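You will see two complexes here that share subunit A, one where it goes with subunit B and one where it goes with subunit C.
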Partner chain A sequence: MYSKKRSDFWKKVASIVSVILLLLAWYGGSTRITDNQSGMVDQLLINGDLLNQIDDRLYEGRILNKLNPVEYIGLGSGIGYGGMTEVAVTVSSLGDIQRIAVLSSKDTSSYLDKVIQSNLMEKLLGKNIKSNFEIDGVSGATVSTNALTEAIKRAADPVRFELFGINRAENEKPISHFRWLDLLAIAMFTMAILVNKTRHRKKSMFNWALLLTSMCVFGFYSSSLFSSSTMGILISGAWLTGLGNYTSIILLSLVILYIIATNKNVYCNTLCPFGATQECLAKLGNTKTISLTPVFFEWFPRGLLLVTLCLGLYYRNPASFSYEPFGIMFGMIGSIYLFVLTTITIVTSLVVKRPWCRTLCPMNPMTDFIRFNRQWFKSVLNKQRLKRQIILTNQMVGSEVKRSEVSK
Partner chain B sequence: MFPQSTLLDPLFWMVLGAIQVLVFTGASQWAKEYQLGMNWWRWSVVGFWWLSFILTIAGAFTLLGENEGNAGWYVLGFVGTLLVIGGAAILKVLVLLKPNPQ
Partner chain C sequence: MRKKLLFIFYIVSAVFVCVHLGLRVNHLTQLEASNTPLFVATYSEHSTSSKVPVNDAINYKEWAEKFEEQTK
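Now for the complex of A and B:
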């Protein structure tokens, strides 16, 4: 009893400390980005000596003692996988693109590297912004290419208007990024709830059908399963300004809301594409269920997730700090370290049941955090209700005593 | 292995070749012990799997030796993992198709 109380106390401390750390990281990140961006724009001048800000998205570069500006710097943004991609474009006074710089990106670095290595930006140097310029996509990184293309076009807009008086700007609404997969995510989540509630004799078969469909659609087809980076995007609020892919954030939000409402997690056993992969491999091999009792295995994933989320919030790029094997498994995107981790996990799945879920998966710490705080909130509410009832009973007893005294 | 040595290199490959004999006789013995009822097509599948496995290891380490580190690890990890999964699948099929003892 005493040990449980002590453990609960430390869990409460850890819960509060993690929220404070996340808030600090978020605040630190916001000051860092402002300093960084203004410093970066200064360095984009090519011929000018002085930089004057005309409006939020337009700067002009001048040479000392000369009347006319020699170049312009336009700022623009496009919606990428993890949020906004900010770009600055330096344009000469004749309208030729001279330099393009990515100020910030919330996309996974491997995708952005792929786009940059394709020389997409180099191909635009020297082009005149008066006419429309088209940019070829990069296969395997379509969302990141679209974000960068959109950002460059938008950065050119204010300069084009200043130089030639032409306005081609079109406002893209975040809602335009919703796709049929998002509707399917909601439908499949509803089905997962129904499958978990049903007592039908073919429940297991329905569960397998959902798992396999999810593995094909949210795994191999779209690679849109949620991870620690999705959690980072959700708590950073980057989704409010638009995302290239909403499916994972919709799935995560539904899972969180359902855990808050019912204390049950239907995602892991019924929808998780990586869980489905591990289940399939378990069917092939002679798997054993292991239980990892040491406290280390409980607290290490929690610490790892907290550090990942803090770094993601501080650098305003949660997608760069994910450590899951999902990218490699379903899209062959990720570092060599993640590749090794994926290989080990897949091979281990042949002998141990769901090794990833039992060790490093960020879903367990997140579920534990929500469940613990839900329980804590409920117990506080119950205590208050009990206190109010006691006060009410005391008042009733007091008034009864008074009434009897008066009648005497 | 031992690319600078005229003695150790051929010796190493001879020993490795000799070990293959042990692998084949071991596999045959193991199949008998577990009464897997191996016939020509089962042996062909197992042999093809083993050949692919050996070639993958040889190919990956050749790439590593040629200073193509990433390519080597990717071949080993990607094709190797697929082969391990394939191996598990073949084993499962062999056990499932095991003839019933009369």
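Now for the complex of A and C:
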């Protein structure tokens, strides 16, 4: 009883400290951000010596002591996986694209690297902005490709208008980021709730059907399962300015709301694509459910998630700090360390059931945090209700006593 | 035996995750300190295209000298 009380006390302290740390990281990030974009634009001049800003998205480059500008630099942004991708395009006075620079990106660096390695930008160099330029997508990094394409097109718009008086931006339809996958995520989450509630004799079969569908659709097809980076995007508010893929945010929001409402987590056992992969591997091997009991193993993933979220908030780039093996598993994208991590997870899954879920998965710390605070909030409410009831009872008893004294 | 395996998996995974995060922090810090674009591609008349190393996007020293000469 005493140790439970002490443990609860430290959990309360940890809960408050983690919220304070997240707020501090957010504040630190906001003081760190400076307007260094114009400094970067300076470096993009090719023939010009002086850079003049015409408006927010357009600069002109001039040679000293000459009147006419020799080149223009346009700025544009596109919506990527984790937020905005900013691009600058240097265009000659004839309208030819001379230089393309990626100023900033909130996508996972591996995805951006894949797009850059595909020579997507080099294919546009030398082309005239007066003509339409179409860009082929890069498979496995569609959202990042779309973000970059959108940003380049938008960067060319102000230059095109300045040089030729053509305003193509007015005719462009805004890209819709709501997709059928988002609707499917909502539908599958509803089905997961139903499957978890039912007492049907084929419940296990329904569960497997959902797991396998989720693995195929949210895993191998779209790689839109949520991770620590999605949690970072959600709390940083980056989704308010636009995201290239809302599916993972929708799934995460539904999971959080359901845990708050019912204290139950239906995602891990019924919808998680990586959980499904581990379950499939477990069927191939001779596995057993093993748990590590020491307190350290419970607290390390919590600390890891907190550090990751703080870094994501501080650098305003949550997608960069994703540490799960999901990217390698479903898209073969990620660092060498994550590749090794994925490999050892796959091998261990053949012997131990769901090793990733039992160790470093960020879903457990998130669920624990919500459940603990929910319970804490409920107990505070119950205490207040109890106090009010006691006061009411005392008042009633007091008035009864007074009434009986008066009648005497 | 399985418990030992899970323990080893835990430690190895934790080490890889920490190294991965450390490298990410290092990369982002360096990138911010350099104040240069993430990637620059420049058109060259001699070839269809060429990538320019970010730090060589413009020779600042040469530019400053030229500027001083012309403004004297």
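Brief remarks follow.
To be clear about the criterion, the second predicted complex is superposed on the first by the 350 of 408 C-alpha atoms of A that agree within 3 Å, B and C clash if a C-alpha of one lies under 4 Å from a C-alpha of the other, contacts with A are read in each partner's own complex, and residues count from 1 in each chain.
Here is the rule we use: a residue touches a chain if its C-beta (ideal position, glycine included) is under 8 Å from a C-beta of that chain, and two chains touch if they have at least 3 such contacts.
In this text, all values refer to a predicted model and were calculated from it rather than measured experimentally.
Partners subunit B and subunit C fit side by side in the overlay (superposition on subunit A). In the superposed model, more residues of subunit A are touched by C than by the other of subunit B and subunit C. Contacts of A:284 after superposition: subunit B is touched, whereas subunit C is not reached. Using the contact criterion defined above for the overlaid structures, shared-chain residue A:43 touches subunit C, although it does not reach subunit B. Look at A:4: by the touch rule set out above, it reaches neither subunit B nor subunit C. Of the two partner chains placed by the overlay, neither subunit B nor subunit C lies in contact with A:201.
In the superposition on chain A, contact of A:340 is made with both subunit B and subunit C. Superposition on chain A leaves subunit B and subunit C with their closest Cα atoms 15 Å from each other. Residues 340 of subunit A lie at the contact with subunit B in one complex and at the contact with subunit C in the other.
Every residue of subunit A that touches subunit B in the complex is listed here, in rising order: 281, 284-285, 336, 339-340, 342-343, 346-347, 350. Residues of subunit C that touch subunit A in their complex: 2-3, 5-7, 9-10, 12-14, 16-17, 19-21, 23-25, 27-28, 35-43, 48-52, 57-58, 63, 66-67, 70-71. Within the complex formed with subunit A, the residues of subunit B that make contact are 70, 73-74, 77, 80-81, 84-85, 88-89, 92.
Put simply, subunit A touches subunit C in their complex at residues 36, 39-40, 42-46, 49, 64-65, 88, 96-105, 109, 112, 116, 119, 121-123, 125-126, 288, 290, 292, 297, 300, 304, 307-308, 311, 315, 317, 320-321, 323, 335, 337-338, 340-341, 344-345, 348, 351-352, 355-356, 358-360.
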